[in-house]
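The two complexes that follow have subunit A in common; it is paired with subunit B in the first and with subunit C in the second.
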Partner chain A sequence: MNNNLLTVSTSPHILGRTTLRSMYLEMMIALVPALLVGLYYFGAPGLTTVVLAMAAAAATEYLISLITKKPSTLSNLHILLMGLMMGMILPPGAPWWLPVAGGFLTVALGMSIFGGNGNYPFNPVLVAWAALAISWPEAMGAYLEPMALGSGDDWMEAETFLMQLKGDIGTLEMFELGTLWIGNVAGGVGTTGTWALLAGGIYLVIRRLIPWQIPLGALIGAVGMGLLAVYTDERVAEMGFEEFSAYLNIVWLHLGAGSFMIAAFFLGPEPVSSPVTPWGGLLFGLGVGMMTIIVRFWGSPLDGAFYGVLLMNAATPLLDRIRPRVIGKVVSGA
Partner chain B sequence: MSFGDYMLFIVSAILVNNILLAKFLGNCPFLGVSRRMDTATGMSMAVIFVMVMAGMITWLVQYYVLVPLEIEYLQTIAFILVIAALVQLVEIVMAKSLPALYRALGIFLPLITTNCAVLGVAIININEEYDFVDTLIFSFASAVGYSLALVLFAGIRERFMLVKMPKVFEGTAIGLVVAGFLALAFSGFAGLVSH
Partner chain C sequence: MKLSSCLKGIRLPRPPAAADPQPLPAPEKVYLPLRQHQGAVAEPKVEPGDQVMMGQVVGASEDFESATVQATVSGTVEAIVQMPDPSGGMVPTVVIANDGADAWIDEPAATEAALASPEEVGATRPSRLLRRVREAGLVRAQVQGRPLHVDLSPPMAPQSYLYMTGIPVVRPIDTLIIKAVDPDPPVCPNASLLGEAGDELAVGVAALARISGASRIILALPSGADASALKAMAAQYEWETASVCQTSYPFAIDHLMVNSLTGREVPTPYGEPRDVGVSVQPLSTALDVGSVLLTGRPVVERVFSVTGEVKKPGVFRVRLGTPIGEVLDAAGGGPSQAGKVVVGGPMMGLAIYDLGTPVTRETQGVFVQSAPQVQHFADHPCIHCGRCVAVCPVNLIPSDLGKLCEFRMYEDAAEQDLMNCIECGCCAFVCPAQRPMVHFLRHGKTEVLAGRME
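For the complex of A and B:
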């Protein structure tokens, strides 16, 4: 067979160079700064977690391609990106089976049973994350105290900002905005470096690999709901802030804390499970941002960002019904 | 209860203790009518209507018939009887007086007789010792929560028509998996109202 037989050409078409592989490669590159921040503060335990998750994801995909007798899709890097994100949201130094189970569930439960890339309704990473969080809450809540690279390996367990906040909201005043945004706090391997995630996310927006509506919606939703929450919550009222900036500061702390940034820029705007319409994307983001704050202030889980993404994933088919009106179309017989 | 308490009560019934995704009642119509969006919305309307009616009438039956006669042990059978009769009555009245809505609901109206969520809500109303107004609000909010889950679920399942899925997972199998994922997502609302 000659491939030229299939080339139908009238107009001078120019092929774009974007492929799935190049797209996913760029997404991985955008995650690298956050990963480096994580590795700088969490060293070997962080690296082990990420590598195990990626290896487990790749191995699962390979096995499934053997079982289903379909060509493996490993070469387009999608699976590795999923494994990387799975590793980055897990606590560093988790027992070895946690990232392995995470990588396995991401590929097998989140993706393959729907028919692989392009078909799943929920973000596979977050499906796996939710399953892990329900199954092994202790292991998912055991975080390490950050230590800059080269300062020994006496890892100590630590509570994250959000854990302390759940226990006593007064700890708000102990946290420096700067440390929280730089990433020098306990948390998931790749979720603490807020600046790095923001930079990577903005790179993706500029390269148009993710729609700008979703992160923007998430930021608006989180800031709006955050202000509403700090002004109405009695526990914050007891702390007796007077200036607006003090209240706003709490909201900035929340933006830098937990997994909000990675959810807003990387896990939420995942191309398959997020809406394609502009207004749908904005509403999707708003939902993620609001859910983050609602759960952090009043819910029992520690962080709502991932639950927000899962819920909005569920609403994505409905959000995609918001379509632009066809200009000049006349509705007849109504 | 104050207005704020009622709002929390409603949020709790719709999101936190969703009758489908947290209490797992009424799963058969959930899987049965969710393949297409229009049947899902039709079922939602029918459930909202019948659940509120059934909630009110079973409450009256419990406190004005069963308790005075001291035959509370007949609760289940009495409620099933009431719901079945009610659905039939509603169907007859609606066919004559609201033919448009009757045609829109179609088969789903009689099907609700066997929807365990309706009986479940009626029994929860009694077990939690709600008064009449609480019963009304709880029945309505539960039905709205049911509809919300059903419509979200139908939206996802409609998309599976375009998906090349492994044969073994097609149909009800993937439906059950997605229902599980939806329940996982809704578990994020846990604890929202309790404090």
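For the complex of A and C:
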């Protein structure tokens, strides 16, 4: 016999290279293009908002870990990712306490009271966002007119495309699809760069960090419901569009407007609060897409996509019951 | 390849191209466990002090689920001791000191007419072939395999689990899959035998088909490897060939390969391929059968693959009963800081604790890890990311099962098909929270079975 000490454990004996830290880091990297677009158009006010939100989130987590005497989870970057997303959906140039409150609420209200990472039923970022939107509607609705980097710093208040659209349908003709999709519009710091968000999201799908079903469902749901909505909307009908392509264009505008893309690729597929089953994920996505359009046409101009995600988060436990058929399971009584 | 295998499962790195197996000299002492499979332990037929010849029976049993054990060297029986087998349990083991003469015994079995060609095999009664396989004590080359003669006979009666689930008929075996692929790379003993397309293989496959009664023979070849010799042979004997990608784990393990090649679903958890009329045999087993029939002598060697962190990884022809530690030395020695030695591949293999564990008929190879490379699992809660669901080849929801087992709700887990898990380890491989998924699931299964026994 031999006296070498060998380790014995259960298989598998090799693990993939993805850890929580690497996964969250990649998610943050995927958000960087959109963040850069945001900083290009909103400059210093945008940067302040994002940094404050991240710092507040990290500080809150640190304090909570001190109070509860639990090891802090800051090192796995989850909190920073949440703070980053919080900052990116807030209006640039918001008063300093808004992102701070956002970061605090994300961690305290959205996450910690449910037991931390892995246990919260709703996306913490959106829980915080909803709390802010209810408490300080004016501050949350005060957006800045985008200005390319280096063109001075006299920021002007502006309304987002969706807010203008709610008031006046003629807005449709004032916006170029191209401008909207590259991010040259008023909106949250990181939500306007539609192309950038799309690229980041596709990267996550290819890396298999988020399930492909959710973004796909969201896109299908939004396009489908969008077409239905524009066809039935009297105000659009009055504008005298004839062709299908004109209607479809309105839908493309909707996809690029507001926060749909960040909701479809980042906030919706947030691991903890989204379903894990394939069909559940697809339905979840469809729900997000449809709710986005429904809220935009018949509800609040603030942002439908976030309400869509929150609502579908509530349905997640139900969607998780849609299980695929198990291979090799014999059905009794055949 | 079916679509499901592109979407599900994981990709493992391609193993290095297989070289021909190199023979290793016989060791000083061989350790022959009296059970080299799952089944019954054979009774020792020798006493300490006896002189034995190569090929002499040292253990046999009347029990059908047991395989005969022969001496693999000539020499003196030193003792009969308890030794661990790869799964860690203790098995009575015959220790033989080698006298270096390698003198074969001339028993009637050894002189029985050699069957030299597939035609001769075709003219022999299956029961006679089966008896010879049984006398040779062949075992299906797989950890926890069965004695080959058991594996080749169709089930005696409808298995109770099938009966309960509504398939009361015994299905005759009609398909034989010879797999030249290895489910768990980089441990690839079969892939190194791709060049061995000769009489041995022809006779072995013909005998396997004749015994099991299969009319359709499928040769599962690894994609991307040079298998032209086997392909030519398949064309000559009218075998079908199929290409299986062994790096898309776990689609080369038997249950899933049967599913993708024949469309039949092997019932889990207790079912076997033969329940749906398919027999899956590794290429090395087919060659063993061929050599038994050609020479009339039992097989004393095993093709054994040594991979991972050793100086010279490779495939060796090892005398059965050689301690694994000696094989590692022959491969240049393990890492200075020993970590794990895993019998079987890195994804499904069993870590052993004693380097004295011998090479047996069921082992295929070892995977060696140095201490710094040993993986550690974490106790982070599941973050519900769904990566495990995306990879599970049998469509389970491992995240839920893991949670239920962790919190001791075993019966709830069983209701969610815990028992259908094939323990492939994909879920643990991809889990970013590095939860010990397979550990939870195995523990849960044991508890469920224990609970049902009561």
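Note that the second predicted complex is superposed on the first by the 313 of 334 C-alpha atoms of A that agree within 3 Å, B and C clash if a C-alpha of one lies under 4 Å from a C-alpha of the other, contacts with A are read in each partner's own complex, and residues count from 1 in each chain.
Note that in this section a contact is a pair of C-beta atoms (placed from the backbone, for glycine too) under 8 Å apart; a residue touches a chain by one contact, two chains touch by 3 or more.
Computed from a predicted model, the values in this text were never measured in an experiment.
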**Item:** Partner chain(s) touched by A:P211 [first = subunit B, second = subunit C, both, neither]
**Value:** second
**Request:** In the three-chain superposition, say which chain, subunit B or subunit C, touches more residues of subunit A.
**Result:** C
**Request:** Please work out whether A:I14 is in contact with subunit B alone, subunit C alone, both, or neither, and reply first, second, both or neither.
**Result:** second
**Request:** May I ask you to decide whether A:W298 touches subunit B, subunit C, both, or neither, giving the answer as first, second, both or neither?
**Result:** first
**Message:** Tell me the contact category for A:G83 with respect to subunit B and subunit C: first, second, both or neither.
**Reply:** neither
**Request:** Quick one: classify A:L311 as touching subunit B (first), subunit C (second), both or neither.
**Result:** first
**Asked** First (subunit B), second (subunit C), both or neither: which does A:N119 touch?
**Response** both
**Message:** Under the stated touch criterion, which partner chain does A:V127 make contact with: subunit B (first), subunit C (second), both, or neither?
**Reply:** first
**Item:** Which of subunit B and subunit C A:G256 touches, first, second, both or neither
**Value:** neither
**Message:** Can you give me the overlap between the subunit B contact set and the subunit C contact set on subunit A?
**Reply:** 119
**Residue numbers on subunit B that touch subunit A, as the complex places them** = 151-153, 155-156, 158-160, 163-166, 169, 174, 177-178, 181-182, 184-192, 194-195
**Prompt:** Considering the complex alone, what residue numbers of subunit C touch subunit A?
**Reply:** 10, 88, 162, 164-167, 255-256, 259, 265-268, 271, 325, 338-342, 346-356, 367, 369, 371, 374-375, 380-390, 393-397, 399-400, 416-417, 420, 422-423, 425, 428-434, 436, 438-439, 442
**Message:** If we count contacts the way the header does, which residues on subunit A are in touch with subunit C in the complex?
**Reply:** 1-2, 4-16, 18-20, 22-23, 116-119, 208-209, 211, 271-278, 281, 320, 323-334
**Complete:** Contacts from subunit A onto subunit B in the complex sit at residues 68, 109, 112-115, 119, 121-122, 127, 130-131, 134, 291, 294-295, 298-301, 304, 306-308, 310-311, 313-318
